[in-house]
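Consider the two complexes below, in which chain A is the common component and chain B and chain C are the respective partners.
Let's turn to the complex of A and B:
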């Protein structure tokens, strides 16, 4: 960006020399984004299609599938379930991750082993992450439900991501205020609540929002632990497999919008956090 | 690192807030009880035996013998490995150029491209796998377009419910996990290196092969591991798009728990899958630190 005026002629030359290569990859990029977006555009178009059969030909414009989705009681309760379990798992995972990220600012014995333990839920295939809990809680006699088995599965899944987003942001912040407070004799809890937490709060909020959206989208661990409860992705899947219901495209569009809003919020908070707390 | 290094007395007198032992305890207890213990328990169950009355404690290799004596399960495992490799290779091929373009873009264009790349992946992968049904199906977009153009009279049935459609779905669902780490490692390359190579007369292709590619290798490695890992345990995509032909090991494992209630056998299959994944990590982990895989190749 900061190119001085003297270096701009060779810059121009270089662009001309790179042209065929650049051109080819830009074209490739265009195809890539068409590949990425055309299915989503298609599903949006189909969500307004006045036909009981999901697909073509288009038979006219209707918003009745959206009305059907918004009036569908099981769907609304699945939405409520997803929100509750998302909030709960975001709160638990962010708290645990924050504490561990604070611990990781110290040197301690076995740090690498602890790190591998934290990363285990990402390394372990998702389907296994669900199955181990199905077996474990099955033999413990815990009935599968939203706030027992599903919540545990979601916290497991979200925890490593929360740790990986929090840790670098806690590691790099300027510690002089914290040190000053300690030198002046502040208690540990004072240092944390009055100095450290206010500094890292934007990162914590961003992490919690990301954690929420990860939990909201979670399917594979949920399907094995959900019992007869329903979350949004599980309900959507059941509707595909059991009846290929005509309101699926409308539901897909609503799910996409909901998760996009949640994720954009997290993204915005993360940018703000990184800006107010530069490395 | 840009700060002046603190003196020894500084670091000795003022530790970061809190004691590591106390701070770690809640998270570690959670992981031990709800993650490590259940995994170990599943390994134990894989040596139990399943019957009409459920799965009972035992010590038998019956389940493992059943896996390796039947060509069905070994075949499915190999097929899953093959699909995983194919999906990884395809994603790499598709994602590298886009990662390159984004890394070369400037200012707002770059922010916009990153956002465009992220947006579709924020929607649940169940939704992103589902969207291919009304594209590839009998009355899907492709068939209806081809029929209205008069290219075909009857809808094509081979577009959906086979390995090809699973592969397409997997690449579509998981490409971000390839593009992102590659982008992050390309982003770290000092543009001066490219300028230097160009000024010394290297043609763009040579710059790519000798400068960009080797320096972006950490990103390529983490992207490949992530995509391979995710495809190896795929369940939703083959279930929705695969039909009987496109089924993968994840679907066979799931059916042991969701329909045939053979927990011992399902556990044994799961252990095999975990072992395959762990071997992969051990092989790669000798060269790359595991945490770098998830933070974009360091």
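Let's turn to the complex of A and C:
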């Protein structure tokens, strides 16, 4: 039997089999993702636009704005500050979150109240949190700076997220492994470092990476607690409000890449954690 | 049996030590020859909260040289409200050494209700001799209480309509009125600022209300109705400097409620930009410097304020930003055409200047503006 020369390709046949509702769902999904990601695509395109104005029409291709970013000391300094504070916030918040998650595996008096207190920074609007920190440090007489007021503000913001990420993974950790180790004579510290931590390590790393991303992007609390130093979101804000800085789209692309890589790494470690410690 | 070291053994060691000392000494000498001794003296630094636009890089050397080496470490600036919040917060009077913000906005809360409530330091005017150079047009902006001076105006400015002069005729009477933002002529090519104070103030002027600050709530509601009616003519509202400049530069709008540096930025792009001198009145303001009461660098800050009131600083600041300095000598250094462009001679030209203060019932204005935006 001869094969019909007019048979549709398999993909088209698949589309043709979709009912109107399914087609509408696909279309909705497509529009959703276009709406979500087109600003990112646009800013990337504009970062290569040979024009001092951030907008259309495109006037040619250039990489000079990326060169301008690399030569812009205040921008690079702000980027470095964001990275340092991000790393410090991630380390502190992840450590505290891990300790809290371990404690929350046990019952203790006031557990629910403590949980609400941990989660309060998420519920509090950012501007209120910033004002609270401004007043708090004012009363204490602490001068605003990166590794005093800003770091405390960032840990305060990031800690609930770190806890919410780590706690479910520790909650479903098989306690019989710890019990077996203790039965075999392991000390508490040995049980933690040689049994528990190696298993939860991917989760801890993923949490740290998420915490870094959150700290890196934090603006509203930082603006109230930063002194004369700048983090990258603060520097961006100052530039947009008061100046016309054509290199901002290029800087934005660099930051998007950094935070995307950090987030993807975090997801990768999280998947690894889920595979190694399924529910 | 190990033998003890003799003088013959010690000689190579001594030579090595001498060589090492020679090299070290030579290094130290060559290094210090290139380093001025003043570097080792600690430079005074003051922490300032001020709009970054008033301390561009070209003016910093003037401040440093005229103040005897004091440097200004300026914090990220957000708004006059944020600056005031920083001053009024617990400990705020000791955290910062100098604040520059809108005079009429800050003076009330900063001075407090009565003598003794000031959160500012009374200025030692003998340390600020350049203050005598403040133009008579801005003497009323000097903030005093009981014979003491607390705030000194550094720079002035105004709100107006910034427009593309190739698309909007500067000689059209409509252009020289606030109504250019509200009329149908440039429908779809107008941008308002997303700001309750500015838009209600200027809309009131456009409606013929000569004293916007004296409006009763019923009048504010009339202005609200006017703005809602005219909203159909606008393209959008802007909130950020770069947003506004881009809109005119790309041709998205032809005119907008704007600021002086927007005009300057557009001119640098090669655009034929200008601003109007509205016949109904030019909302004008000054930005003043003051020292928080518990500043630990008051002496150094006095020197900085004196430097900022020097003709050299004023001239450079005006050259870079096109904001008019408050120092009389600066204006006289420009030709007539440039004085007119910058607005130094608005009073002489008969343009009515109105103090761009905040209204007593700002909550009523805010509510009205929110209704305009929601409509």
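We adopt the following convention: the second predicted complex is superposed on the first by the 261 of 279 C-alpha atoms of A that agree within 3 Å, B and C clash if a C-alpha of one lies under 4 Å from a C-alpha of the other, contacts with A are read in each partner's own complex, and residues count from 1 in each chain.
Basically, contacts are C-beta pairs under 8 Å (C-beta built on N, C-alpha and C of every residue); 3 or more make two chains touch, one makes a residue touch a chain.
These figures come from a predicted structure and were not determined experimentally.
Peer 1: Both complexes share chain A, so when I overlay them there, do chain B and chain C fit or clash?
Peer 2: On the shared chain A, the partners clash.
Peer 1: Which holds for A:131: it touches chain B only (first), chain C only (second), both, or neither?
Peer 2: A:131: touches chain B and chain C.
Peer 1: In the superposed arrangement, does A:227 touch chain B (first), chain C (second), both or neither?
Peer 2: Touch status of A:227: second partner only.
Peer 1: Touch check for A:28: first (chain B), second (chain C), both, or neither?
Peer 2: first
Peer 1: Among the partners chain B and chain C, which is in contact with a greater number of residues of chain A?
Peer 2: Tallying touched residues of chain A, the top partner is B.
Peer 1: Touching A:141 in the superposition: chain B (first), chain C (second), both, neither?
Peer 2: Only chain C; A:141 stays clear of chain B.
Peer 1: Mind working out whether A:56 is in touch with chain B, chain C, both or neither, as first, second, both or neither?
Peer 2: Touch status of A:56: both partners.
Peer 1: Touch test for A:242: chain B only (first), chain C only (second), both, or neither?
Peer 2: A:242 sits against chain C, while chain B stays out of touch.
Peer 1: Pick from 39-47, 111-119 or 201-209: which stretch of chain C gets in the way of chain B?
Peer 2: After superposing on chain A, the stretch of chain C hitting chain B is 111-119.
Peer 1: Does any part of chain A touch chain B in one structure and chain C in the other, and if so which residues?
Peer 2: Chain A residues touching both partners: 53-57, 131, 134-135, 138-139, 223, 237, 240-241, 248.
Peer 1: For the complex, which residues does chain A have touching chain B?
Peer 2: Going by the criterion above, the answer is residues 1, 10, 14, 17-18, 20-22, 25-26, 28-29, 32-33, 35-37, 39-40, 42-43, 46, 53-57, 95-97, 99-100, 102-106, 108, 114-128, 131-136, 138-139, 152, 155-156, 159-160, 164, 168, 175, 178-179, 182-183, 188, 191-192, 195-196, 213, 216-217, 219-220, 223-224, 232-233, 236-237, 240-241, 248-249, 252, 255-256, 259-260, 262-264, 267.
Peer 1: Where on chain C is chain A touching in the complex?
Peer 2: 47, 51-53, 73-78, 82, 85-86, 89-92, 94-95, 240-243, 245-246, 249-250, 252, 261, 265, 269
Peer 1: In their complex, what parts of chain A are in touch with chain C?
Peer 2: Going through chain A, the ones touching chain C are 52-57, 131, 134-135, 137-141, 143-144, 223, 226-228, 230, 234-235, 237-245, 248.
Peer 1: Show me the residue ranges of chain B that touch chain A in the complex, using the header's touch definition.
Peer 2: 10, 14-21, 23-24, 26-28, 30-32, 34-39, 41-42, 45, 94, 97-98, 100-101, 104, 106-107, 115-120, 122-128, 130-135, 137-141, 143-144, 172, 175, 195, 198-199, 204-205, 208, 229-230, 232-233, 235-236, 239-240, 250, 253-254, 257-258, 263, 266-267, 270, 273-274, 277-278, 281, 290-291, 294-295
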